[in-house]
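One chain, chain A, links the two complexes that follow: it is found with chain B in the first and with chain C in the second.
Entry: the complex of A and B
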């Protein structure tokens, strides 16, 4: 592989990284919001969210990406490819994250909540000071797992012409007729990205030990 | 109602799914007084205690903390969470299973509510917390996390945490029932010391010797009713009812 091939690979890695990164950040926060709204059990809205979660979880990423990109013009919206890609990844990961957050809420200790209430905390103070710091730690293994699924699923966005880390290997081998080297490098780069996540998970686990009685 | 009343309970009734747990309970706790609630399990004593700070919602009855009604506004409407929290902040509760917050160290368990509920400055809250941890013999563990403490140590921290709110009344819900026998003594000693300092306390317990030593008033609950109330001397030596005599015989020693 020559220098330009290396450059293309790094550019592809960057595309994967920033599009996944933005989707992860949006998806973690949106998942938390969905879980919180579902906690309030508002009729109709709750059913709509349940419907959204089951649809988003059942739809393949490639299909969802295509659907969003191709259907947007029908609503009079011209979507940028990257925006469509981020939207698809975010819609997908939010649904999974919402379920991770929700199960953490559901398992939160009643005893600790009662102690907070008995000390005169309002629900908001209790959430912010007592529940949230612990929920982030207990949810992190599940969230990181979902993050790595998202990154590994992100080649789906190539279907609308985004040149990500996987797609770029195709382009390189089209010129060099040697498909293996770029793919090997891509694998290593994926592993490096996921490796950072696994490290994050280990830090979280160390802190989680403290929460175990 | 006099200025000296810390807790007043009138006509309190409560049912769980058709089963009546409390029936027309009346109880007055004066400032500085220690009241212990005795009774066999299922008699409603924990429910009674948990109604005082509205962790359980009574079906009927009026509960006041230092003259302030809890759960229901002056206009007769159910309190908002915010209003309820304000009244709860005037009580301190110690739970059977300690219920410390595991993500905070000992010091921060004690300062959390004074800072984020009462709005105290960190330095003021920490100064008072150190004083209280000293009182319960836990100042050497200020930086430790709850999972490194023994049950007795956890409960002493929980007592300091409740005291940090400078409550009108301290509520103890079987504070030694979850402890290994050899750790019971250290917690009871702390509660005894508090009673000597004039703290107002309502205690649900199974420790008879302790109840006798620490109480100003003993109340006996049976099937959700108070069937006997007396000073500890009378209660433990000359109980009125056959039921209490039997209960004391069984719990001797």
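Entry: the complex of A and C
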């Protein structure tokens, strides 16, 4: 492999990282919103969200990406490739994140909530000052785990022609006729990215445990 | 002719794709299960020399995306003179990848067992193989059942990746139909429905297993 192959691999890694990063950021926030709306138990919306979560968890990412990219023009929307990829990853990860947030809400101590009410906090102030900081820490291990699943699923966006870290190995081997070296380098890069997340998860878990004591 | 009628006329493609997906899924998940049990047995069999390489192998599999393993088998292996066709590369990758996940799940459950059981079994004259088959494995499977169910759904979702290496399965059927007739929305709605149906029925089966294991007293150990 020569210098240009290395460059292409690093560019592929960058594409994987920024698309996953944007989807993770959107997915965590959207997951929180979905969990909050489900907590409010609004009749029809609640059932719709349950259906969405169930469908999004069962749909393969490749299928979802193809679906979004190919059928968006039917609805009169022109989607850029990377926007379609981000959308698919976000829709998928939001469903999982919503469940993680919701279980954290479910386990939140009732005493604290009652104490906050008794101190005269409005629901919004209580959520912002009391619940949200603690919920973030308790659900962080689950969220980071979901992030590493998202990165492991991110090669799905290659199916609509985004050149990510997996797809770029095809491009390189089309020139060099040696597919193995770029694939192995891509493996190492993925391991580095996901290894970082696993390490982050351990740190998060340690902090969460300390808080739970 | 409406779009749905076109889909109905082309139903053979969907059915073929669906059966092919189920074949890939069924075969690879069975092999993966055996691989997982085998790895667990090797860890159980008290061979300390095997433990470290196995752990490294399992952990590195867990840090890789599924598709890159498929690429390794499909594009990488021919460098060593082993040429797999797309179907076998896909099934092999699914089996190895999810086998490692199964091994990790089983290992996690195994750690919660009390050592007394194993000692009692040894005192009764069980050798390692018999003890593993009669005592440890059934308990592990019954206790790990929610995790196994999750893993089955992940495996089903991973079969869709194989469309990238040109395996003819369910997503490929939808893709080719939407390319031929320009009806992507309807084609993919049908396919997503199929995936949903399969994972729903798997969840039901896992729930039924829960009833079985409660009846046989696996939860009381």
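Throughout what follows, the second predicted complex is superposed on the first by the 212 of 213 C-alpha atoms of A that agree within 3 Å, B and C clash if a C-alpha of one lies under 4 Å from a C-alpha of the other, contacts with A are read in each partner's own complex, and residues count from 1 in each chain.
Quick note on the criterion: a contact is a pair of C-beta atoms (placed from the backbone, for glycine too) under 8 Å apart; a residue touches a chain by one contact, two chains touch by 3 or more.
The structure displayed is predicted, hence computed values, not measured ones.
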Clash-or-fit label for the pair chain B, chain C on chain A: fit
Partner chain in contact with A:183 - chain B first, chain C second, else both or neither: second
Touching partner for A:153 - first (chain B), second (chain C), both, neither: second
Larger contact residue set on chain A - chain B or chain C: C
Partner chain(s) touched by A:36 [first = chain B, second = chain C, both, neither]: neither
Touched partner set for A:71, first chain B, second chain C, both or neither: second
Chain A as apex of chain B and chain C, Cα-centre angle in degrees (nearest 10): 110
First (chain B), second (chain C), both or neither touched by A:120: first
Shortest CA-CA distance in Å separating chain B from chain C in the superposed model: 26
Intersection of chain A interface sets (partners chain B, chain C): none
Chain A partner contacts - residues on chain B that touch it in the complex: 53, 55, 81-82, 85-93, 95, 97, 99-103, 112-113, 116-118, 145, 147, 158, 161-162, 165, 171
Contact set on chain A toward chain B in their complex: 109, 111-112, 114-123, 125, 129-130, 133-134, 137, 209-213
Complex contacts: residues of chain A adjacent to chain C: 54-55, 57-64, 66-67, 70-71, 74-75, 151-156, 158-159, 166, 169-170, 173, 178-180, 183-184, 186-187, 190-191, 194-195, 198
Contacting residues of chain C [partner chain A, same complex]: 60, 63-68, 71-72, 75-76, 78-79, 153, 156-161, 163-164, 170-171, 174-175, 178, 184-185, 188-189, 191-192, 195-196, 198-200
